[in-house]
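My questions all concern the structure below.
Each chain gets a letter, A, B, C and D, in the order it is written, and its residues are counted from 1.
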Amino acid sequence: MKEYCGVFGIYNNPNAVYYTYLGLYALQHRGQESAGIAATDGNKIGYYRDFGLVSSVFKSSVLRELSGFIAIGHNRYSTSGASDSPDNIQPIVVSYKYGQMAVAHNGNLVNALELREKLEEEGSIFRGTTDSEVIVHLIVKSKKKKFLDKLIDALVRLKGAYSLLVMTNKKLIAVRDPWGFRPLCMGELDGSPVFASETCAFDLIGAKYLRDVEPGEIIVVENGAISSYRLPETENCPRSQCIFEFVYFARPDSKIFGKSVYDVRKAFGRRLAKEHPVEADIVIPVPDSGVVPALGYSQESGIPFEMGLIRNHYVGRTFIKPDQKLRDIGVKVKLNPIPELLEGKRVIVIDDSIVRGTTSRKIIRMLREAGAKEVHMRISSPPTKFPCYFGIDTPTKDQLIASNHSVEEICKYIEADSLGYLSLEGMIEAAGGNFSEYCTACFNGEYPFNIPESVERQAEKK
Amino acid sequence: MKEYCGVFGIYNNPNAVYYTYLGLYALQHRGQESAGIAATDGNKIGYYRDFGLVSSVFKSSVLRELSGFIAIGHNRYSTSGASDSPDNIQPIVVSYKYGQMAVAHNGNLVNALELREKLEEEGSIFRGTTDSEVIVHLIVKSKKKKFLDKLIDALVRLKGAYSLLVMTNKKLIAVRDPWGFRPLCMGELDGSPVFASETCAFDLIGAKYLRDVEPGEIIVVENGAISSYRLPETENCPRSQCIFEFVYFARPDSKIFGKSVYDVRKAFGRRLAKEHPVEADIVIPVPDSGVVPALGYSQESGIPFEMGLIRNHYVGRTFIKPDQKLRDIGVKVKLNPIPELLEGKRVIVIDDSIVRGTTSRKIIRMLREAGAKEVHMRISSPPTKFPCYFGIDTPTKDQLIASNHSVEEICKYIEADSLGYLSLEGMIEAAGGNFSEYCTACFNGEYPFNIPESVERQAEKK
Amino acid sequence: MKEYCGVFGIYNNPNAVYYTYLGLYALQHRGQESAGIAATDGNKIGYYRDFGLVSSVFKSSVLRELSGFIAIGHNRYSTSGASDSPDNIQPIVVSYKYGQMAVAHNGNLVNALELREKLEEEGSIFRGTTDSEVIVHLIVKSKKKKFLDKLIDALVRLKGAYSLLVMTNKKLIAVRDPWGFRPLCMGELDGSPVFASETCAFDLIGAKYLRDVEPGEIIVVENGAISSYRLPETENCPRSQCIFEFVYFARPDSKIFGKSVYDVRKAFGRRLAKEHPVEADIVIPVPDSGVVPALGYSQESGIPFEMGLIRNHYVGRTFIKPDQKLRDIGVKVKLNPIPELLEGKRVIVIDDSIVRGTTSRKIIRMLREAGAKEVHMRISSPPTKFPCYFGIDTPTKDQLIASNHSVEEICKYIEADSLGYLSLEGMIEAAGGNFSEYCTACFNGEYPFNIPESVERQAEKK
Amino acid sequence: MKEYCGVFGIYNNPNAVYYTYLGLYALQHRGQESAGIAATDGNKIGYYRDFGLVSSVFKSSVLRELSGFIAIGHNRYSTSGASDSPDNIQPIVVSYKYGQMAVAHNGNLVNALELREKLEEEGSIFRGTTDSEVIVHLIVKSKKKKFLDKLIDALVRLKGAYSLLVMTNKKLIAVRDPWGFRPLCMGELDGSPVFASETCAFDLIGAKYLRDVEPGEIIVVENGAISSYRLPETENCPRSQCIFEFVYFARPDSKIFGKSVYDVRKAFGRRLAKEHPVEADIVIPVPDSGVVPALGYSQESGIPFEMGLIRNHYVGRTFIKPDQKLRDIGVKVKLNPIPELLEGKRVIVIDDSIVRGTTSRKIIRMLREAGAKEVHMRISSPPTKFPCYFGIDTPTKDQLIASNHSVEEICKYIEADSLGYLSLEGMIEAAGGNFSEYCTACFNGEYPFNIPESVERQAEKK
């Protein structure tokens, strides 16, 4: 499962471009496929975008050429668009009747295809396949006079997840969809407003976190002033913050949806210990996402926490996989067990989720080979049964093992001695909230609105 | 002076992509800044574009991935668009209401800015700054039903030079503007129609030259059939084939405007010899463009032809220029004289044109240092006095030495013993035609239609 | 502090090259500057070496071209040689009287300069500046007939650390210096003997760890047979295994010197808790090397372990540092605290060592800014007071804060509420051994033999 | 056929590195595989070398880092060494007893293997496979005290072609072998002595040609003084300047062996016209090397010279060759005929040599397809029958069509109407010399000394 974007923006700062670089750097975990920065000096928007990690896309010569006082940036991992077209790398920069505009978008629209078809119907031309391009067209198409009105005109037509940064030569605008699927935070650095998907970006540049951009809120920064607007109908949209951000995507040192990811993630672990206790000698995480819930489980259960699996952090996209003739290297490239620790032990292993089950099975086999006497798997979220249409790269329902197997069957498949998932109620409670705040569709199929059949069908075919 | 594009297209050939690669390769002289190929398998248009020479942009892995039976390609040297934006590399590929379309364009529109403003007025969005993007928008905007009618709708609004290849998932269309500024040839390879800026591309792939696409003609290849249409008002557009293609741009082994470039270029030299005879010992060219007219001059005058200046063909964009402290390397990086040949000789040196005069002066000084007793410069075209608005990269009028200096003054400035330009009449005659066929505006300022003042002003500011 | 090499070798395996690639991959933490593999098919040694990480140096095309049944590989971080010369990338491959030979070396010779001078005196020619080149010359210079005797002839002249793999077209030889400074392990994969700096390389390829190459041992693999020899005088060399490997360098999932790094590192933490207890609310590590001792400290003290600092694993060499005008980004690029966890807490922070003290100070300030009420620093090794001459990249004595400051002074400098170092005795005990097994010179200055003054002087000048 | 090196050196110039860059640039035609520059500031020799053209190997950042007052450079096309090892890129830089030394070598030693074996016998170690490394070892091995004596000690043992530049931290030394196979020129730039393979390098930097380094001469530049020495036995070595340099390798604007290449090459053409006249309509060259002899042929015969074949100068190593399924692109990638010129004509086509005959056949077929009525091939050198052991990359005797076919047979094979080779006597006369000056072994097999059988055998196996 892979989340697909990180966004960052800053207004009126002489080092806007460099801070955006740092912000993207801190948000690298949200998208490793491509990166881009657009910046304006008040007259002209310049930009640089390419495939690769932030640190390889941007050289100091590139940063020097991108001068400007307002900048937005984007990290991307593609789920909706064809990943190999340079036309899809964000921010998208266009010129139109009233000047230039740059857009960086995190999320996934459910009605993008429908909107796109309508736009094409009306004569719009598309270069790439991103939702962002749809949004840009809608803005430009609006008959309204003021940019803000155009933007609202466009946004009310969108259905789905969008945490959006829009930049013109004078303004920086941050928007979060009325459901609030994806996080978007607002901070302040030396008097400059800054926006980021997660607060870890603020920490790196030394900015202060102020508050979240609210679901349905449009924050316009212009002429040094900050104004806030609310999208109409926002109150009719059930708040649907993606609880999976807490489970897996967000960095543990970030605050999102107003809460510490570390705290919530550990609470998941504590609750999991209460719901699924088991006698064992050690608790170990599948690093990195399992570390914090494993700490919670350990503290609640009193069973010692150990780093029983060591992760190799040099694994990259360029790793050369062995021929099939060779033994299955598989998960070993990433994870290696500590036999001395596991030998003869009853082991509880904590992971954030099970997708297909194959990796869990490999890990459990590896732990047994390293000497574990018993392996009890505990998952810090409920069974993932339904696809996400809002920006998380889930496989089709067919491939989600939990969508067509019972917990017992999964336990057997992954060859665990026992398997326990965090309950949905437990999860919501641990997140300190209630069902009305979060989207839990991937666990219970309750999408905040009806998903068009065409989108479902497309998801099935993936 | 630099011409700005080469185009190539081929229909219904299993090796369409590779032949397009070869075609661009043969047309490399028409644009060395970027290259691109778009190809369709009938369902989807794929493409690859990048900065660089054809041979560095396309690796075999790239060619393999670009499968298709129809393909178009483009080499580019930018004059109108900002050269550094990847959004400007052609072919442009877009999707719109009725599918996908790819466009490759050679030429320069005089009313591009005006059209662009109108389009933006009506809500169009632009990613780059090329004329091609304007054309694409006009096509899509048309209310007509059939693609051909849309295309015609768009084309009749264009003023200026366009030799155009348009590809959809089913069709390949070739168009030449009603004035016929830029060349565009049609050929045939194993039954597949092929189009190219110059016939040298046909020679490389073994295609047979059939005829030129006529000024104002639209050739549609679809379902294996070739249909020809004529743009309305074509007969009212004075035929304005760019005579400078013969002077400088086209490869001597090409046929353009139905004539052999080699033949015409040599006829220029012969005529030059008649118009400006001088007693001398040898005739030498400034290679490469001066070689053929120098042969003509030599044959007409009976004065022996010699390669008195040797060109270093390894000169590339990446050559590191010396600090100003060092002596002026200047033209020597490209050209080196043969002292043994020049020593004590009266030399006629043939070049195709004089732009600013500085290079000519350096060459003449170099020849004298190498021992030449007299240096007589002969130019195989008339004095270049006026800017080109149709796709040739001329400097502003200010910088064109002939626009504000007499031939005598130029002769003195370049330090020649004598200077002779081919007369306009002589040129036209040598080209075997008459004034009504060619655009000679860069020599006599007689543009085939009024140039908008805004365009003139913009050209002045360059 | 940076260790400088990892080595890997495998004999008689059809996938020797790919396994060596994997082995280097697992040993990436031991050297990230350059990587190389040499392989032989029995007739000819081929090789490929370049600057960069294993995964960027080796493409699959490179691996395919490097065929062979015996292979050795090397990762490098330079301490002695000039890091920027490609002539220094290992393995070194040479041809000489009796054929070809490849050498990969982990360690640092104390008498390399002296030997080099003598060799030059006798007519030797050097291409680079590595110790390995010295070793190669000594081997070739030997008057002995058999390769093994030549090798021994060379080795007895070496003083210092060397874990060495030597490959000819028929043999693979592994050697560890008589003091045993650096680790070198022997394993077996499908009947093929394998050697690696650490066992984590065996785990990745599925090889079985057999035993360490003993200090002073020479293992020759040839014709399918394994023979073991002992360097003369080995028993007179005090065993001096680098205890810093346990503290910092080795991967926690490796076994070196016959012991689990994880176990020893955790025992350091437990012992540290006994030696320097303090009342506190949480124990947090400086990741990654502080994690395991922090677990030990936590378990011994009963104070909860938390991941109070999150590490960004995308930090690479190419990170663009800010201008000095900007605020100090410093350690924040790598580490970010969890304020919710630290707020109002008394924090024990565990690191493996303190070099200059500046990083510790930054971390402590960061923790306080994040809300920590008290910060107690605990170091899982004794004060680092003396430079290492055996392959660890320590700064000069001047720069080692502990070499000229008391613990109290350091505590004050790093602005900790308290500071406690593991005692040397405690460390040795925790390592389950006794002083006669380990080199502890960096802590107590007791080098296993006299360091030539010239080497000391050179180290001072660094 | 490809020559294999160009060398350049300059002493005591503040821009030594940049001038060396320019020098190599001008000598690019002598080797396009790799390039390198070594420079000294009087204390330390730095260097940079890589595969590729001069303009791609050297970036301005590289040139800036390579400071120095003495510099030597080298372009390479490999014939003897394995071309793919970076250890073979020159200049070779080594350190030895008395300091550092850099060596750049153009030529090929006949006894390199034998010397190498002896050196290895005595304990020498080799990193690559170049002759230059052998020379370096011989220098260092010498028991003599002074560097010059060491050098001479080494040189007297060499048999074969070597135009050599040797640089220490204080000296620049130029040597030409006693036979004088390869050219080496001496010039002067602002008081700085400069050396280059050909004078075209002097022209580019504005240096004055002074004279050739004489066969057997050693020129030492040190402390601002120039001293000349003669190798013993030089007078017993028959002068053997490579006449093929005139035929093909040298640039026509160079002077080598004291003569203008242009003059000699044209004289070849004139003589060829006398020896093999034929009634025809036009004379055309195979560009580029056939241009000058074709001019000579034309002037002598009175038959008009035309550029009937146009060369595409963008052809590079990276050109993607077509699959075999496609038609043979072959020579067309490089050459394209002018049909208008050839149609119905009797054509004399001039090339410098015929190696295998396949290219000639393709050219002749191409000319006929373009309409030529008759094609008469004239070669501006005698039949190439014997391999070169002195630095020219000839195929084995087997593959040299002239070594086992009569002129008539060749004529038939290449499908020419007639074929005429320049006679050996004619060639020597045209070169204004006599047999005692030139090596003509590739034409008549008269090598200046006996070629060791082992070398012959090795050449056969190629």
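A few points about this structure:
Everything that follows uses one rule, which is that contacts are C-beta pairs under 8 Å (C-beta built on N, C-alpha and C of every residue); 3 or more make two chains touch, one makes a residue touch a chain.
Everything numeric here is computed off the predicted structure, so don't read it as measured data.
Centroid distances built from C-alpha atoms place A farthest away from chain D.
Centre-to-centre separation between chain A and chain B, using Cα means, comes to 49 Å.
Here the CA centre of chain B is 37 Å from the CA centre of chain D.
Here the spacing of chain B and chain C, counted between their Cα centres, is 61 Å.
Contact with two or more other chains is made by no residue of chain C. The chain pairs satisfying the stated touch condition come to A-B, A-C, B-D, C-D. By the touch criterion given at the top, residues 86-87, 92-97, 120-121, 123-127, 136-137, 140-141 of chain A touch chain B in their complex.
Of all the residues in chain B, the ones that touch chain D in their complex are 15, 18, 21-22, 25-26, 28-29, 53-56, 58-60, 63, 200, 203-206, 251-253, 255, 260, 262-263, 288, 291-292, 295, 299, 304-307, 310, 312-316, 318-320, 322-323, 325-327, 329, 332-333, 336-341.
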